[in-house]
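Listed below are the structures to be examined.
After this come two complexes, each holding chain A, first together with chain B and then together with chain C.
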Partner chain A sequence: MSTAAIGANTLGVLAGCMLFGALAGAVGTFVLARRRALVADVAGHAALPGVALAFLAGEALGLGGRTAWLLLLGGASTALLAAWCVPALARLRRVGPDAATAVVLAGFFGLGAVLFSIVQGHPAGSQGGLRTLLFGSAAAMSRAEVIALTVLALATLALLAAFFRGLTLVAFDEGFARTAGLPVRALDLLLTLLLVATVVAGMQLAGIVLVVAMIITPAAAARLLGGRIGRVTAVAAIIGAATAAVGTLASRAVPGVPTGAAMTLAATAALLVAVPLGHLAKAARA
Partner chain B sequence: MTGAATPALEVRSLSAGYLRDEPVVRDISFTLARGSMTALIGPNGAGKSTLIKAMLGLVPFVGADRIAFLGADLASVRKRVAYIPQRSQIDWNFPASALDIVAMGLYPSLGLFRRANRETREKARGALAAVGLADAARAQIGALSGGQQQRVLVARALAQDAELFLLDEPFANIDAFTETHLAEVLRGLRDRGRTILAVHHDLRSVRTHFDSAILLSHAIVAQGAVAEVMTDATLARAYGFHAETGA
Partner chain C sequence: MNAALAVDLPAIAAALLATLACGTLGNWLVLRKEAMTGDAIAHAVLPGLVAGFLVTGTRSVTAMFIGAALAGAAAVVLATLLRRATRLESGAALGVVFTAFFALGVLLLETQGARQVDLDPECVLFGSLETLFYAAPADAPWYAGVPSEIWTLAAAALLAIAFSALFGKELSSLAFDPSHARLAGRAPRFVERALLAVVSAAIVASFAAVGSVLVLALLVCPALIAAPHARSVRGQIAISLAAGCVLAAGGYLVAAHAETLFRTRTAVNSAGMIAALLALAVPCSHLVRSFVSRRPA
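Then we have the complex of A and B:
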């Protein structure tokens, strides 16, 4: 392979990373506004069993274990199932929402770990590695996977833009939204779908354990900086894209550092910078 | 169209609650005439907020023989009915300006996708001016005082051009000046034929702000003109003690 080809591939991966970072920041703004941050964590962990099942299904069907669209579909299926399980379990009043969240997250993750041990016993599965999927690896992504991520991210962003106003209204005042005749349940389901799409789009890059950081941290930093919802969403997308790029480049420069971990640290640093900046901006307005 | 004779709100035999077979309010029946201003009063936990939410379908278990808004089902007159929740139920750290919130009142007529045009934006500005907050249009809602936040919510209902206003504790935790101002705004609406029903906590100011009252303690204890509703006997029945009314 020539150096020019490697360069083009790296640029492609970098662009995909930044697109994912922007998507995560934008979707995260609404996840935060609707107070669904823990659902993002559950969805990330719960993608693991789905990915493992999709790998095994791909092998069994002769498509190959690492069929990009099949892995996305598998991860999304169990992530959605888990997102549905949390409120269902929380409705049992002796359990409650926080315990339900912990139980579902751990249960799905445990199942995923068991299934993954089967995948790694598989000749085609041993090269992938569980660690790569847990903490993310830009280098391990195939061309097909980068393309799948790009398509999914663009579609998700388009949906978010189309329903921007409805999602805003529900997040601010659910009671008013209901009396105004907005389809609140459908919009909440849409937000869950956008969240799950973001999780699976980023799971190979940021890792299923750390993908939540890219959804929540840039959005939290953008909120600290203030402004109206449109600006907060845009700033979150920019912080997401920038920290994703920094993380990807850093993990390439320092061998052995997982991409998701480097991205998470970059996003956390952005948040730490946003705290004093937010105070300054507030003082300047007052 | 519904004529002036049709009541603004008619409720017959409503029972509602958050758990099946455990109603918070029972067998509620009342009628609000158009252009009236009614306080919904009663002790803590009497079900005042639950009653308002139940009429609007915001409570899981609601049964009623009839709930008619402006003579029709809520679904067909949503634009003309404004619900103003308790200020404490709203996340005031939400990233939005005062004008953004008021403009939300236009969504029932705009729908999910139609964009606000100049006319609708002017309407939102006008509503903000009507509650005395023209200068605060661009302010972050989190930076507003409690009284200003309450007025922003009323302005949202004004922008909606509603005929029936259902307010949950509009006078809670605001200063005396804002209370007077807000009461004036609401009376102005009533004088233009709008109908107002507000959950109200302070028995001493029922007389000054409202024409009529509904006294609730899970069921209706009394309803009618303020003086008839707020007698020692009815208040003792609702509150279980001799309430301080300032009379």
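Then we have the complex of A and C:
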């Protein structure tokens, strides 16, 4: 991958980033409403073992370690497995949801650390490898990876739009959703799928460790500004897209800054602006 | 000294001391259902550590400790303020604050050249147990060659055990019956804050050697491994430390000798191996318990 190729693709990368930011903001609105913020954290960290396995599998099959669709598939499988493990573990006596979250996160990320060190010791892993996946790097994304991100993000957004009403009802009024005969468990599973798809779509950009920030922080900022669910989702998507763009450009301007860290700080800045704005809006309505 | 011992012994000692420090206090966090608070603190202290390093220009333990403690306290206060201002669930408020702090720490590390020393973002996550080694000093007593991380960890382990022993009664009543603790006037606020401070100290001391993933695993897993087998808090702490130490030493040895055991090209990350084993032991321990209790007595 040459620097000239990245230069020619800058606009494509930026568009991909903004699409991911919009998706993360929109999905984040539902993740926050359903109180799944820490599951988003688990899903991000738990993608690491799957990604590392996919890298090794890609090398073994002669496809090359950084085969975009293989990495997405690997990351999504372990992230989903972890999301399933959290409630299963929480059902054990004296464990509870909080401790289950911590155990699953530590276990999957620990396994990820072991596999990551195997990848870094692999001849193909020592150059390039997966190091940029920890904190994200827009500059290290290949053309195929940007295309995979765009396709996955568009498909996830379409799915979110198609089930918007059902997801809204389950998130805000579970009792009503049940009596109205909505398949609450299936819709919860759908939300988990959307969350995992968002995490793996963004992992090369925002990084496995910090991708959770792009899901919860813009959505938290949008919620502060208030309004009905449709408006909050749209505002979260706009804040997400804007902070993703700012983060990507900032990480390009200052060498050495990981894209995920820059995006997270941009999203936090948006939240800090939203706190007083939200209070003003509330005062104006009253 | 034998070359393998000079590498393996300090790493195992560090892992065991981190188990004693984090594992002891983790029992209180788990009983109080605050497991993820430990994770949040482990991420939030990073900018303070790096700032302490940048201000003094050396890896001075004191400066890094002060910086980390300030950052940890600031994060906890900010998360509380944010929760009040936004009515977010506590997990989301914590998540917003600790990712922001961690991102700031990564930014400082990558831009300010602190990574030229042996603090880099990968060590922060996965630890650097592999880089601890004992160099026998030529004209100094034997203990001069022990890496400084070991002394810091030993102090943190002592502090954790002493705190749990001194305030065991107060911590138990806070964990099992907070409203009674308040009524009985066992200074719950003071003990709560002191617990947070001691947990932060244990995290900061363990952080550089074992990384954030193993810190989290050590805070929650030993307590949960012990929970189904213990009849008292004291018993739970004892079982958790025994199980934690066995898994920590075993995990390190498996990872360090992966080349011969699994024919990998290099040794694999030992902090990750220990964390994965600890997490796996939690459901296994519960399975063992339900199997044992199903058998007729």
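Quick note on the criterion: the second predicted complex is superposed on the first by the 275 of 286 C-alpha atoms of A that agree within 3 Å, B and C clash if a C-alpha of one lies under 4 Å from a C-alpha of the other, contacts with A are read in each partner's own complex, and residues count from 1 in each chain.
Note that in this section contacts are C-beta pairs under 8 Å (C-beta built on N, C-alpha and C of every residue); 3 or more make two chains touch, one makes a residue touch a chain.
Because the structure is predicted, anything quoted here is derived from the model rather than measured.
Asks: With both complexes superposed on chain A, which partner does A:Thr243 reach: first (chain B), second (chain C), both or neither?
Replies: In the superposed model, A:Thr243 contacts neither chain B nor chain C.
Asks: Based on the superposed arrangement, let me know which partner A:Thr198 touches: chain B (first), chain C (second), both, or neither?
Replies: A:Thr198 contacts neither chain B nor chain C.
Asks: Who contacts more of chain A, chain B or chain C?
Replies: When the residues of chain A touched by each partner are counted, C comes out ahead.
Asks: Could you tell me if A:Gly175 is touching chain B, chain C, both of them or neither one (first, second, both, neither)?
Replies: The answer is first: A:Gly175 touches chain B but not chain C.
Asks: Is A:Thr264 contacted by the first partner chain B, the second partner chain C, both or neither?
Replies: After superposing on A, A:Thr264 lies in contact with chain C but is clear of chain B.
Asks: Just to be sure I read the superposition right, which of the two partners does A:Arg223 touch: chain B = first, chain C = second, or both, or neither?
Replies: In the superposed model, A:Arg223 contacts both chain B and chain C.
Asks: Mind working out whether A:Arg285 is in touch with chain B, chain C, both or neither, as first, second, both or neither?
Replies: A:Arg285: touches chain B, not chain C.
Asks: On the A-aligned overlay, A:Val232 touches which partner chain: chain B = first, chain C = second, or both, or neither?
Replies: First partner only, chain B.
Asks: Does any part of chain A touch chain B in one structure and chain C in the other, and if so which residues?
Replies: Residues 223 of chain A touch both chain B and chain C.
Asks: Could you list, by residue number, the parts of chain C that touch chain A in their complex?
Replies: Touch residues, chain C against chain A: 30, 33-36, 38-39, 85-86, 88-89, 91-92, 95-96, 99-100, 102-104, 106-107, 110-111, 121-122, 125-126, 211, 213-214, 216-217, 219-221, 224, 227-228, 255, 264-269, 271-280, 282-283, 286.
Asks: Looking at the complex, which residues from chain B come into contact with chain A?
Replies: 53, 56-58, 74-75, 78, 81-83, 85, 89-91, 93-97, 100-101, 104, 107-108, 112-113, 140, 143, 156
Asks: Within the complex, which stretch of chain A touches chain B?
Replies: Listed in rising order, the residues of chain A that touch chain B are 33, 162-163, 165-166, 168-169, 171-173, 175-176, 178-182, 223, 226-229, 231-232, 285-286.
Asks: Over in the complex, which chain A residues touch chain C? Could you list them?
Replies: Residue list for chain A touching chain C: 32, 35, 37-38, 40-41, 89, 92-96, 98-99, 101-114, 116-118, 121-122, 131, 134-135, 209-210, 212-213, 216-217, 220, 223-224, 254, 256-258, 260-262, 264-265, 268, 271, 275, 278.
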